[in-house]
Structure formats: structure tokens, C-alpha cells
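Note that the chains take the letters A, B, C and D in the order they are written out, and that residue 1 is the start of every chain.
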Amino acid sequence: MINKIVKSTEDAVKGIFDGAVVMIGGFGEAGSPIELIHALIDQGAKNLTVISNNTGSGHVGLAALIEQKRVSKMICSFPRTSNSTVFPDLYAKGEIELELVPQGTLAERIRAGGAGIPAFYTPTSVHTPLAEGKENRVFNHQTYVLEYGIKADFSLVKCKAADRYGNLIYNKTARNFGPVMCTAAEITIVQTSRVVELGKIDPENVVTPGIFVSRVVEVSNPVHESKLVFENRTYP
Amino acid sequence: MINKIVKSTEDAVKGIFDGAVVMIGGFGEAGSPIELIHALIDQGAKNLTVISNNTGSGHVGLAALIEQKRVSKMICSFPRTSNSTVFPDLYAKGEIELELVPQGTLAERIRAGGAGIPAFYTPTSVHTPLAEGKENRVFNHQTYVLEYGIKADFSLVKCKAADRYGNLIYNKTARNFGPVMCTAAEITIVQTSRVVELGKIDPENVVTPGIFVSRVVEVSNPVHESKLVFENRTYP
Amino acid sequence: MKNTNVKKGWNRDEIAQKVALDIPDGAYVNLGIGMPELVADFIPKGREVIYHTENGLLGMGPVPEQGQEDPELINAGKKNVTSIKGACYFHHADSFTMIRGKHIDICVLGVLQVAENGDLANWSTGQKGAVPSVGGAMDLVAGVKTILVITKHTTKDGQPKIVKNCTYPLTGKSVVKRIYSDLAILDVTEKGLFVRELAPGIDFDYLQKQTGAKLHEYELE
Amino acid sequence: MKNTNVKKGWNRDEIAQKVALDIPDGAYVNLGIGMPELVADFIPKGREVIYHTENGLLGMGPVPEQGQEDPELINAGKKNVTSIKGACYFHHADSFTMIRGKHIDICVLGVLQVAENGDLANWSTGQKGAVPSVGGAMDLVAGVKTILVITKHTTKDGQPKIVKNCTYPLTGKSVVKRIYSDLAILDVTEKGLFVRELAPGIDFDYLQKQTGAKLHEYELE
């Protein structure tokens, strides 16, 4: 029987190893799987490469993981944040590496990784510093740059509802990077606000088919990052 | 005000010109926009390049368009059909050109065309006759072949419900090529079983966002191709 | 009279059953058109297997009862099917993301020829004038983690389908992992074809004669 | 006393209004963070414009009433928003399909610098030690059909932001179509910058002095 539901966030993040490449969903706080990130902080894996659009807020969630010096490299599109100095401070000291990727290229690289596409050409970033050192190529009189598909050992994703097959639906703009990240990791770990019976999600409305999901844990009342930041909370 | 609903299939196919590249949705009869194809037959455009997974059945729909010698080239993955000799006969006589593309590569080329990706590498077809003359390239010790994004002047697609913005949902496996074809044409023309009020389609469940759709026509009781073929019907 | 009970080889159902035994609980499986479809009937009780059909359905169920067919719910062979609880629909690009991205565990395919190095030919006889049709075959062999082949050991004319080198145009190079025929189960390894199991009444020498490539026996430890 | 009624230039709302006038009925529009967001307030009555936000929403509505905020319904600037009837949500790869695939009609952006050939710089001052952040800016300028710029004509220090060549790192090359500043509206053409409209109290010579690139006047027929 297929049952991807695990009992705790601790069980969910088991096996994440030192040096792993980890994709973390979310755009700002929307879709950020904070409880999974906190479980990862407790779990102890270090020297991680993290792929996520941002670098977190305050001293919780992704920012806390970075603050604990567990991340040696960030791959993201917008590491600057108005409400956290965690990443900028480490970056200024040279203690964390940054690969800056345009947001659409990041999404497409992840999608390509999940879809078995090793590389593709894109018009984004051509003639800018972010295309330096990359292969340029002309198609139909326009210049494009070669970008590579990207994969991860683990993805951490947040969703609204899931069933035991791992079929997922999301909430509004918290969907963002979740669906593509689910496709691009060896092991995809999902926190869901609700576990539902098989068949409760209309087959027409499934956003992430269960085939892309390895483990699901129910976190029925996920915290709001902005609230934690407002309250000046830290983790651990 | 945005209103993409047009009154008739005749209005829907207006402007399709001789020599146009036309994508036609469907996998077998599921999702094949027969009423739009028949309107296109009546409309008269010829010398078309048609991109569609198959070549139609019997003497109706896509097979009828081909039989009328309106298609000079087919781009598809599976032109052989058990219940039509239309394409094979013309092909044997050298009267229609064929570009054979593996099904997944076809889907991905269309998706790339719609997503502004001019070209990508894929493992599919490497070391086979379908990769002959194409660029090979090694990434991570594996060989891939370069394939190009593909776009169309028009796409003809069938769906289950649509609103005046052009938001679409589909029915079961009739979804198939519809969503990617909607993204890859200058003008996307959709036949829907039902036009619904704005907001009736849950924003979480929209499959094709209206931005990809130009014209929508209601065909409330679409014919079943298999029934027409069984009855030995022809068009016109 | 003494020969009537001597069975030689496996019938189609028995071959399918052999394949089914090797599909583990929880596997995501794509079954090719024809003989591969039989496999679904023989999955051992207690195993939950999810079937993918490349035209946009994960969680394909059995054929519908008569009168319950929906022409918009079909499989890759364009036959009417059903969907199970927990199924989902998706478009073609997403469907081939599952295939090309190595998310499908097992694909069972029929063949025209399979070579000792795992080369597979199943889409074209290369005949002049015939309409070439490839469908999703090349994507499946390039993307699915494990490719299993189910086939009669020889053609109707008695020609070997398991050969040293494919003479038909390839679908994919070095992609087949295991071959299930009416005569034997063969593993495709870097050292060549190894006999995993012989069908009833078949011995190694007979099998070798029906095969166009050299066969090897596993050494027992 | 005679000067109090003489207005010089446009204020932020007036610039936004000028942009809004140029957005046709039915347009799909992406508004950058900051001043561009004002544009939505001035779309003429009767025009239906659909807003895209790259974090996965087409049909973005105004800011929610207090207490109605949903932290999972935000825009690209991470501010709370709403969705309109007929909206839809999608994932990031689909969102940038809309952008990169030239499906969005108009994008309105703020800038650090814009050059006479349409080069745009708005993501980095190139300062050492600063954390570079690009977000979706490069995708937008590479993919959206028409790029409009809304900006103060000069920096706080009075330095021109409209220049012959950008000194800041580029976001995109030759991408800007029109510039709306507090002093004028400029068209970016193959022959250089043409003055489309002067703000109240601004004459060509004054404008030229505030601009780091040569300006041209349209010839009247």
C-alpha cells in the first residue's frame, strides 16, 4: 500500500545529509515550509546548498537555518530582504556563497531539472553581468544564453491539502515554486495543512501529482512567518 | 471590456490564412476540436502546416481537412491510424510532407515555443534515426539532442468550460495537448462545451489562464469523432 | 499420451504474470500497448501499483463496463479506460515531465527486436513507403528508470527477436534491463544476456538456438 | 504672487495617470514595485485591465481591507493583495511562461538609469559588498512585449537618470519603449529619444539640460 504520510516533521526530514542540495519552496513567507525548515535545523545537517527564491526573514525559518551557518551556498533570485540582516551579514563576511539567478530562469532551471532537460536557451539576462561567462547563441537573429537544469537531493514544500498518494493542492500565491520543486528532487518532503482521504481532491484539480512526492507530514496550523518576525522570535 | 466569446465557429476561425501554421489539440478523438476543424474546412485556408499528435480518423475532422488537400505538411508523433487511410494514401503519393517527432519532444517543443525558450536539449531519440542531422551534446556524460521550440499562427483547442476572459478547464484525458498549444500560438481559438460566468471557475482550478486564449466559441454538444467514423460520415 | 502433460514455454498470461511479480508495491508503471497491458491483471494482491498513461492520466483503472465509456477518458492506445480514486489528470508536457524526468519506475514494452546490449527497436521496420509512427516510445525508453520487455521469443517465422544487433531502426540505445519471453527471462547486463529463469520444458541449449545473441548462465555461489 | 499658479512638472500621481492613459482596454499588465503600482489607480473608466504578478496570480486586485489580509495572497513586492473575479493562480514556471513567452502586453518599471537606446538598469548599483538581487526584472524586460519606464527625471542629487549609456549594470539591452518622468514623456526610437509630451512649465531646453542624452523633437507634418 502506498502511504506517504509520516508522523512528524522530524520523521519527514530524516536522511538529509551534510552537503545536500535542498530546494525550499516559498516566495517570501507565502509557501515557505517553516516547520520543515525548523525540523531541519533540529536535525543538524550542514554545509547545505539551498535553492530558494529568497533568504528568509527575521531570525526564523530559512533565515534561522542560514544564521546557524548550516548553509554554505544559496542559489536564489532575491537574497536582499527588508527585514533580515542574516544573509547580508554572512555574505559581507564572505561566509556564504551566492549564485544569483533571475527569477524566471530559476523557475525554468528547476522545471527543466524535473523534466529531464539538461539545458535550455533563454533570452533572460543576455547582455547583462548575469550572462557573463555563459554560452551565447543566436536563434532567429536573437541572442540567447544557455542555462542548465538544476536538481536537488531534497525539496521542502508547503501545501494546503494532500492525500496518501502525495497528490497536492496549494493555497493562492503560496503555490509559487512548490510544484516545480516537487519535480526536481530525489526526495520531496511536503508539509500540508490537511491530509485528506484519497479521492477528496478532484483528479482535475490536483496541482502536484503524487508521483513527485516522497513524504507528507500534516502541520495543521502552520505559523505565519510575518507574525514570528513581528514578534522578534528566533529559532531554535 | 474583455470578451473573448465569439458567436459562431465561423467567426472563430476567421483570419486563418493560406500557409498558416496551425496547432490542433487532441490525442485521438479526445480533445480534438472537430467543430472548429470543420469550420476551417468551410473557411477555405490551404497549404497549412498542421501540428497535431495524430492525423485523424475516418473522413471527418482532421482526416477530412487532410483529405481536402488543405494540409501540405504534418508535424506529429503518430500519423499511422487504424481507421483512416487518408494520410497514408497522400503520404505514399508524396503529396503531403511529414515531420515525425517523438510525442514527448513534440509536447516539450510546443511548451518551449509558448514559454519563450528557443531550444533545449533532450535525451529522447538520441542514437536513433530521428536524431540524425541534429546537434548532439554531452552533459554529465550523457548524450542529448538539441530540439527547437515551435510556435504556430493559430491553435485550435477543445475544452469543457470557459469564461469571457478565456480561462479554461478541460475534461479528463481530453486535456492532453490543449494547455501547451494555447500558449504557443499567436491566436488561440477554443471551442468549449459551456461558457460560464466569470468567477465560476475556481481560480485554483483554472488549467489554461485566459491570457493564452484569443477567441472562445460555445459548441454545447460537440460530436464524438468515433461515432461519426462508425457511421462512416464524411465532411463536408 | 505421456507427452500431453509436458508443457513447453509460457503462454501470454503466464509471461505477464512473471512481469507482474517483479513490479514492487508502490511502483509507478507505464504499460505499452498490447501484451504489456496484460501485466496489470496479475499484480499480486496487497501490492498497490499506479499506472501512468502518457496522454495525461496517473491512476489509470481497468476498462469500463459497457455503456460506461467516456470517449474523453482513454489510454495511450486510445482505448476506453477508467480512473482510480486518487488519480489525476494533467497536460502532455507535464505527462512527459514524469517520463523524461525519470519519475516513472517501470515501463513494460513490446518489441520488434532487442539486442544483447539492451538496444531496443519497436517503432519501425524501416520499410519504404510505410508511415513511420513513433508516439511516446522513444521518450519512454529514454526516461523511465527501468525498461522491461515482454515478447514472444521469436517472430511468427521463427526468426529471433533477441539479437546481437538490431537491424530495425532503434527506439533507444542500451535501455532494456530485462526480457520476459515465452521461453525465458533474460537479464541484460554489461557482460551480455544472462538467463534468469527458463520456462517449463525449455533448456539452455534450446533457448540458445532460438536466440540471436550469446546467452550466459549465472554461476551459483 | 504671479508665480504661485505656475506649475512645473508632474507629481507622482500625474505621471502614473499619463502611463495609465496609454494602457489599452484588455491589456495584460505587470506593474513593478513602487511608483509603477500607482498606475492601477488611474486606468480610465470602462477599460478592463488584467494585472499579472510574477509570483503566480493573473487578475490581481487592489489591496485588501484591513483584517482581510491573507499572508498567502501577496504580490511580487510581498504586499497583501486580493484577486478579482476571473483570476487564476499558477506556479512560477507557468508564470514566467507568460512573461518570457511574450504573453504580457505591458510592463511598467522603475529604473536606476535608462539609456537613449533603450538600455535599462534597475537591479544593481554595482556597489562592492552590497547583496545583488535581481528578482524577475531581467525576465520581464526580456519577455514582455512593451516595456514602459516611470521615473523621476533626475536623481535626488540632480544627476540625470536618462543617459547616453548606462553606467550601472544592465537589466536588459534596448528594451525600453517609452519613458514617463515628472518632466516629460519620451519615446525611445531607433533614431534616439523623442519628446512626446512636455509637463506643464517645462520647455525643451530645460528638459535637455536635465537629460544625459540628446533629445529630439517630433517634426509636425
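Quick notes on this structure:
FYI, a contact is a pair of C-beta atoms (placed from the backbone, for glycine too) under 8 Å apart; a residue touches a chain by one contact, two chains touch by 3 or more.
Computed from a prediction, not measured in an experiment: that's the story for all the values here.
In summary, the chains found to touch both chain B and chain D are A.
Of all chains in the assembly, those touching chain A and also chain D are B. For chain pairs B-C and A-C, the one joined by more C-beta pairs in contact is B-C. Rounded to a whole number, the gap between the C-alpha centres of chain B and chain C is 30 angstrom. Centroids built from CA atoms put chain D at 57 Å from chain C.
As a whole-number value, the distance joining the C-alpha centres of chain A and chain B reads 34 Å. Within chain D, contacts with two or more other chains are made by residues 83, 89-90, 93, 96, 99-100, 142-143. Within chain A, contacts with two or more other chains are made by residues 108, 111, 115-117, 122-123, 170-172, 203-204, 207.
In terms of which chains touch, the assembly is arranged in some other way, matching none of the line, ring, star or all-to-all patterns. Shown are all chain pairs that touch, namely A-B, A-C, A-D, B-C, B-D. By the touch rule above, chain D contacts chain A in their complex via residues 53-57, 70-75, 78, 83, 89-93, 95-96, 99-100, 124, 129, 131-139, 142-143, 169-173.
Note for the complex: chain B touches chain D at residues 1-2, 111, 113-117, 163-165, 167, 183-184, 198-199, 201, 203-204, 206, 209-212. Those residues of chain A whose C-beta lies close enough to touch chain B in the complex are 108, 112, 115-123, 137, 139-140, 142, 144, 148, 169-172, 202-205, 207. Those residues of chain A that touch chain D in the shared complex are 27-31, 53, 77-80, 87-88, 91-92, 98, 100-108, 110-111, 122-130, 170-180, 207, 224-226. Residues of chain D that touch chain B in their complex: 25-26, 28, 46, 48, 50, 52, 58-59, 83, 85-90, 93-94, 96-104, 142-143.
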